[in-house]
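Naming follows writing order (A, B, C, D, E and F), and every chain is counted from residue 1.
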Amino acid sequence: MSAIIIFTAVAIAQLMLAAAMALASIRMFRGPRAQDRIIGLDTLYINAMLLLVTFGIGTGRVIYFEAALVIGMLGFVATVALAKFLMRGEVIE
Amino acid sequence: MMVNAADIPLWAAVAVAFFLLVGATLALIGAIGFVRLPTFYERIHAPTLGTSWGIGGIMVASMIFFSVAASRIAIHEILIGIFVTVTTPITFMLLARAALHRDRAEQNGKAPDKHTGSGSGPEEIQDEA
Amino acid sequence: MEIILSIAIGVMTSCGVWLILRPRTYQVIIGLSLLSYAVNLFIFGVGGVKTNVPPILTDGVSTSSLADPVPQALVLTAIVIGFATTALFLVVLLASRGLTGTDHVDGRSDPK
Amino acid sequence: MLPYPILTLMLVLMWLLLNGFTLGHLLLGIVVAVFASWAMASLRPEKPKFGKWYLLPKLFGIVLYDVAVSNLHVAKVILRAGSRKHNPGFLAIDLEIRDHFAIAVLAVVLTSTPGSAWLEYDSNDNTVLLHVLDIDNEAAWRDTIKNRYEKLLMEIFA
Amino acid sequence: MLLPFVGSLASAFLLNTSSRVLPSWIAGATALLSLLIVVAAYPAVSAGDALRFHVEWIPQLGLDFKLRMDGFAWMFAVLITGIGFLVVVYARYYISEEDPVPRFFSFLLAFMGAMLGIVISGNVILLSVFWELTSIFSFLLISYWHNTAAARDGARMALTITGIGGFCLLIGVLLIGNIVGSYDLDKILASGDVIRGHALYTPALVFVLLGALTKSAQFPFHFWLPNAMAAPTPVSAFLHSATMVKAGVFLLARFWPALAGTYEWFWIVGACGIITLLLGAYFAMFQQDLKGLLAYSTISHLGLITTLLSLGSPLATVAAIFHMLNHATFKASLFMAAGIIDHETGTRDMRRLSGLFRYMPITATLAMVASAAMAGVPLLNGFLSKEMFFAEAVETHADSILDRILPYVATLAGAFSVAYSLRFIHMVFFGPPPTKLPKETPHEPPHWMRFPIELLVVICLIVGIAPAMSVGPFLHTAVSSVLGAQTPEYSLAVWHGFNVPLMMSITALLGGAALYWVLRDYLQRCDDGPPIFRRLRGQRIFERILVEVSWRWARMAEKRIGTRNLQPQMRWVVATGFFAGLLPLYLSGFETRPFAFTGVDTAFAALWALGVCLALGTAWLAKYHRLAALVMLGGVGLIVCTTFVWLSAPDLAITQLLVEIVTTVLILLGLRWLPKRSEGIDDTITLRARFRRFRDLALAVACGIGMTFISYAVMTMPVPDAIANYFLDNAYSEGGGRNVVNVILVDFRGFDTLGEITVLGVVALTVYALLRRFRPADDSMGMPEQQQIQNRFDEERPERSAGDTVRDYLLVPSVIMQWLFPIIVTFAVYIFLRGHDLPGGGFSAGLTLSIAFLLQYLAGGTRWAEDRIRILPLRWMGAGMLTATVTGIGAWFFGYPFLTSHFQYVELPLIGKMPAASALLFDLGVFSLVVGSTVLILVALAHQSIRINRLRTIESDKAKEA
Amino acid sequence: MNGWTHHLIIAPILIPLLAAALLLFIDERQRVAKAMVSLAAAIILCFVSIVLFEIESGPNAFEGVYLLGNWSAPFGIVLVLDGLSALMLLLTSVIGVAALVYSLARWHAVGAHFHTMFQLLLMGVNGAFLTGDLFNLFVFFEVMLAASYGLLLHGSGPLRVKAGMHYIAVNLAAALLFLIGVSLIYGTAGTLNMADLAARIPQIEPDRRMLMEAGAGVLGIAFLIKAGMWPLCFWLPTAYSAASAPVAGVFAILSKLGIYVILRLTMLLFSDGPSAGFGSTFLLYGGIATLIFGTIGVLASQALGRLAGFSVLVSSGTLLMVLGISDGAVSSGALLYLVSSTLTISAFFMLIELVERGQDAGANVLAVTMEAYGDADEYEPEEGDGVTMPGTMAILGTCFAACAILLSGLPPLSGFIAKFAMLSAMMGTGAIGVPPTAAIWTLVILVILSGVAALISMTRAGIRTFWTSIEGTVPRVLVIEIVPVMFLLALTLALTVQAGPAMQYMDTTIRTLANPKLYIDAVRNAAVIPGVEFDTGKEGH
């Protein structure tokens, strides 16, 4: 029973997160401006991370945790660089 | 470490499922808002649903799941929560400020000048590069 | 799963090939990146596609069910080398752009 | 030896969270944390000046609650974006706190909270420009920020 | 035997003085010594058996250094060394002080050695070696005065033609080797019947003849010889009369026993010989250049010898050999005489020369005797061999049109020969005194310069008057060594009675004299070269063709089938790669498996639907929307990461993610230097461009489909009995780690990792080196637009100062990013330490630490960051490389191979069991090198901004000063 | 080869690696120190190669197998030393020393980290020659390529950067093909070890084998790009002629690396068994096309650098054709040709710069880049550390003539011997009574024609360079620049004189290669060193 509940919840959550990712990438396509696309990427990162965590719950393994942690801790670096590029035209001054 | 979902008590399973779904729902709503809201400045609010309690929900679910299943406290997910909470604002702040600059430089719609705390979002224009 | 991965590899290959045949250096570098994704997934895929059996030994779990670690090791090497060469190509294209004034792969300034 | 004791402590905690608690990892964690603090020292960051640091959990609780509430609020805004029009707007606020660390905390809090976003900070006159998703009551927003957050922060970071 | 050859070469190369006396003495001594040695060998040779010398060279290939001197070779050797000696004596006075004398003698001696090599080679490959050597040295000798275009062109033409001929000869002798099974000359000469009867006889013959005929300047390859007259006269006397051109006919005679006597031989050799004989003589009449006349005469005489050899009769061969000898003597002396005339008057143009008899009577007399010999006047040696020729011409050999016209041709050529000989004498030495010579008052040359001519002319006379007594025995030795058992009876008498050949001789003499008389006035005025043919000059045609084929066509062809552009190259690479993959499958009839959509996870499928869209978007936007494309590429990378997690590869996911982050930043760092690009500017799409795009698209789609099929096929095929199982079974027990991937990386296949990090290191160094010289394009030199606007904004307001905007912009983020630094450092240590048992490892940790550094650069800028953290990336790299390597070498001290790992669990107080593998040390090296390299790359790129700022300041300062 | 000497097998990889690591610790300004370390390493390397070569050419020649990490094949990575790899190692180190000495005159100071990259290039090349593992081969290819990118770009300037970009782009694509090929082979055969793969091929079921062959085909393209087969070779003349002289000199070995691998793999995997003869027709036609293209290019080249670049293609084309007809005797001639042409082209590349220095062409480019892009922290290349030669022109001329003779295959130097060895095996005493086939005739004619083309082109170039120079300025040539060139050319002379023993070596090598069983058994039977139990753990396996 527990297993069924959890697996169902995981499956639904995964689908929802996949949908969220799809929506985020719609912004990446539609823009209209670079900042939208970049936030789209950031959102994609976050949702992917969540997906990984749900994947961990679904499989009962903790080894996927590090990947999620890497996204959580370092995923913003790419988007920060993109943002700075937009603002200053240069990433590192 | 590997645990089996069938080993955990029902209450925990329900809690896990609940938090999981809450988190996923918030993330999804955030994404929907991100697509639906009309201006950039409005749109930046939406994904924070996902980055705040969206993450929170799923992390809590994970913590409950692994703690109960392995019968010991497993709360390292909290780190993810902390990091995301701390780092996401950086991106948003930097981007929003960059957008502000761009809108001002292009005298685009009603981008607020400094100090004028008024004005709604600028009109949307297509990006060039 | 295999079919999804195969199609993904195919599409990324197509996009990558299309891009590396383009005249702008930036297109080429993006194309090479896409191609390395495709190739990395391909190397990864030859070991067989298995879910949730990472090649990490846990007591009591039979090793025969685990995913093939060799392609994974190969992909790791390929990722590293791909990273290095992307960086290199980037710098070379910058140098070329600096010296020729254009971002055309042949250093031509006329648009073609 | 220990340039940032609180940081070091936090790092040890992080280490233990990552690796699980054993005596070995506690020792190893301390070594690593001290090493990382030294690394931090080389950056010569502005040290936050803590005043009533014990109020931190209070801030934490408030924020957690506010975030949850705004989550619901914003979710509503999004889900009925068609029917009832929300009222987005910019908001410029004069700040009193000057401590960079405190300002950073405020910025993180405001940005993490759905519905408000930190746009621009001006160090010359210590003002901040925010964007608010639904600015029905501008005064209430100002009040929340000035009294609910800023005051508390000023107490924490004396 | 070997000594003269080696001696001449060696001594030649030792010379390096500026004096002209010493080199000529050495050269003369060498030549004389060689001559004496050759002469001393006569008793042995005349005994009938060849002298042999044998050293193994490449026994496997049948190429030995084998020398073999029989009578024929001996005769040539005497000729070479003897005339060589005389030419050295002559050249001692001929070559002027200003010219590089040592070089001349060195080449001359080297040539002599090579020429000797040809005649005494006992192995046909060795022969062809010397053959090409003579071509090379003749090139150097002809071009001795290389500052004149004529010398260069003549030399090049001679080399090209004789060089090609040499290659042909090589093929020919290779074929003979195929037939006979040996390159040994003795064996080949003994297998004449086998060769002539073999299917490969004709190609072998043709190739050998191509070699011989080019060398001997036979029609249609005759034209190089007159152009070679740009050489100094001693060279002409030596190479172009006595030796090199004789190599061709020497070869014909040498191979006569093996190749001659067939119909093919007769036709090819005969036709060439007859045409050359006639044309050469005819052309010679109309030359204005003394040496040109002699050159064409040489061609003609060689044609005569060739014709004789073609006949296939032993008697004709005797005549041929005899004439080789005779021609060498009189022609060498004539060349030297011409050289003296040139030397004394400064010109060789017969139209300007006249009446020289009164200035140099002795030389004139000598020249007259020699040219009489050339004309075939009785009592001189030329007469004898010509008589023999006429006699053979009359005989019927192989009844054909050639055979029948031969007597008439012979007589006609004889007449021509008389005419040009007469002309030479008459025009140069008789008539009124010359006017307007480049050099005033010519006089007799020094005695020793004349001595060689005197000697040769005396020989002409002696042989002409008393042939049997003088040259008889030697000739017999030579002839019998060629013909062996076939050696015919022949008599070397001056008087054979009044017979047909004599009639022909008389006719030729009278006819020639008459001809000259008729043409005299015309010849005095006419242009160089015979009428009609004057325009049709082989040399011109040759050069035209050479230029056309070897230059214009080649360039055109290179453009056609080659390219210097990148796009077509990439197209080829992709296309060949595609076909190399699919063709084997297609040819072997591979059947693809039907696609099955079972067992597909919906979320995974959705993920990749997204990934596919993002990939397409990336491809679509990469041209105009670079940032968007980069963002989408990031999206694809993320989905790849997720896939790795999904499909049991957490290590890959982490690594891919970190790489993804760093790569994005890198590309962004680069994006600043790329030109602005906006849609619509260069969008005039031609039809061709459209076609090209379509083709590329088709190729891209085909590759994609191909990859899909192949990957599906291979994925659905389980890896058979793979090495993987061994790794899975032994990673823990033997490698001491639970993360099998990591154990493979640092232990089982640690060597790969060592190489891989080396790649990263080299790339970092390259990036660094290249960026030190980096200079952006002019339109990227300026500050980015955003910064200009923001700085202007700051400057316009009194309360602000420049840079306020960016400081405020980064104020809050930089606080957070700074405080993240120790956290990420800690995380890096964590990732590093867990690598052996769980996902992570040195590489990921290294990247993580680099990102920590990167973040500080992002937050505070380069100056700020470097003011605080001084990373010495090169040290990190060196330390990493050294650590990894030394760890590997450490195993040696325990008696194990490189990279053998050592692991054990260490019992630590308080902590308990800790794994301690030497692989961890190796991984530490990896970590260090990755940190160093990544930081080096990032920093080198980041530094460009401040570098350019500095550059800009310097330039604006300069502009202000100016 | 027991005990310590056994480790000599890996020394050709470790010496340059350690040298490179040490060089990273020496500051860029201490150029003399850097040069000393680098040179010492190269000389030691050369010494080691000679020892290894001596071992392989001795009476007890064998397949030396080095089990890295003490893991038995096919699980670990193995290095295999045999006649072929020993020969290639020797060739590499000899050329390496020559090029390095040459570079000390000026080039090593023109940009940063020359020596490090040079050492790593040697490491990559040596590793690729030694390895017995397909993926490890990829890694060493990449090491070699990465270093070659750096070296090609060494000195910067528009020409080099453009050529470098093309070179890099093409080789990155090649690397991807390499990966696809290797993974296909792993996926179908389940091994990466070359010997193990060869042993497994007969047992692979047809379906798999087809895919395996597809993998081999794709892999082959990667090598053929390196070897410069038409139409994958257009980058080569441009890249090689754009490289600085010492770099181009050592690049001469790189295209041979492609040839080496093809030779190694075809002999090992496809000499018999179910996949026998795989790809040989392709190689034959590819070789013919390459040779034709190279010949045309040699004729069409105006600049000496391009001429040399196309000579590389001629050499590759010839070798590929020979691989295509896969005949033992011809192959051993081809091996001699490989050595001879590599030495020649290497010497020629280095000579070109000296010759053109008189015409100020190369020097000008350098001067321009130095002037325009020199930075404040840039140091000027200095001229002085060496003695200039007397009689420069004569020596340059002689060297040039030697190159011309070698390239066109004229006697007496080894170019002739090598061609003769091949041709003789095809149609001379090596093939008594066997009438040459159409393929053989084509081959022979093409080989000869390519020689003629080289002759025409080289005389044209030589005359233009040496005899028609208007000003006749004598180039400033240092002893340390011309001596390496003369050294390499002297080696070709030595090769001529010692052609007998050399051919003997080549014959033995090819005969060993033709019997893959020797290789396979050597690798498979290589025993790990038994582990010694320690108190708390264990060593080895």
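Criterion: a residue touches a chain if its C-beta (ideal position, glycine included) is under 8 Å from a C-beta of that chain, and two chains touch if they have at least 3 such contacts.
Computed from a predicted model, the values in this text were never measured in an experiment.
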{"item": "Touching subunit A and also subunit D, the following chains", "value": "B, E"}
{"item": "Chain whose Cα mean lies nearest the overall Cα mean", "value": "F"}
{"item": "Chain whose average C-alpha position is farthest from subunit B's own", "value": "E"}
{"item": "B-E compared against C-F, more contacting pairs", "value": "C-F"}
{"item": "CA centroid of subunit A to CA centroid of subunit E, Å", "value": "60"}
{"item": "Inter-centroid spacing, subunit D versus subunit B (mean Cα positions, whole Å)", "value": "15"}
{"item": "Between subunit F and subunit A, distance of the C-alpha-averaged centres to the nearest whole Å", "value": "48"}
{"item": "Distance from subunit B to subunit A - Cα centre to Cα centre, in angstrom", "value": "9"}
{"item": "Subunit E: positions in contact with at least two other chains", "value": "564, 566, 570, 574, 626-628, 630, 646, 650, 671, 677, 714-715, 719, 722-724, 727, 749, 752, 756, 759, 763, 766, 770, 773-775, 786, 790, 809, 812-813, 816-817, 820, 823, 827, 838-839, 941"}
{"item": "Residues within subunit A bordering two or more other chains", "value": "14, 17, 19, 21, 31, 34, 38, 40, 59, 61, 63, 69, 73, 75, 80, 82, 84, 86-87"}
{"item": "Touching two or more other chains - residue numbers and ranges from subunit F", "value": "135, 139, 142, 146, 149, 153, 156, 161, 165-166, 169, 173, 180, 184, 186-187, 192"}
{"item": "For the subunit B and subunit A complex, residues of the former touching the latter", "value": "1-10, 12-14, 16-18, 20-21, 23-25, 27-28, 30-32, 34-35, 40, 43-44, 47, 50-51, 54-55, 58-59, 61-62, 65-66, 69, 74, 76-77, 79-81, 83-84, 87-88, 90-92, 94-99, 101-102, 124-127, 129"}
{"item": "Subunit A partner contacts - residues on subunit E that touch it in the complex", "value": "602-603, 606-607, 609-610, 613-614, 617, 627-628, 630-632, 634-635, 638-639, 641-642, 645-646, 650, 653-654, 657-658, 660-661, 664-665, 668-669, 671-672, 783-787, 790, 806, 809, 813, 817, 820, 823-824, 827, 831, 838-840, 848, 851, 854-855, 857-858, 861-862, 938, 941-942, 945-946"}
{"item": "Subunit E residues within the subunit C interface of the complex", "value": "564-567, 570-571, 574, 595-597, 599-601, 604-605, 608, 611-612, 615-616, 618-619, 622-623, 626, 629-630, 633, 636-637, 640, 643-644, 646-652, 655-656, 659, 662-663, 666-667, 670-671, 673-675, 677, 681-682, 689, 696-697, 699-701, 703-709, 711-712, 714-716, 718-719, 722-725, 727-729, 731-732, 738-741, 744-745, 749, 752-753, 756-757, 759-760, 763-764, 766-767, 770-771, 773-780, 837-839, 843, 933, 937, 940-941"}
{"item": "Interface residues, subunit D side, partner subunit B - complex", "value": "14, 17-18, 67-68, 71, 74-75, 77-79, 81, 88-93, 107-108, 111-120, 122, 127, 129, 131, 133"}
{"item": "Partner subunit C, residues of subunit F touching it in the complex", "value": "135, 139, 142, 146, 149, 153, 156-158, 161-162, 164-166, 168-169, 172-173, 175-176, 179-180, 182-184, 186-187, 192"}
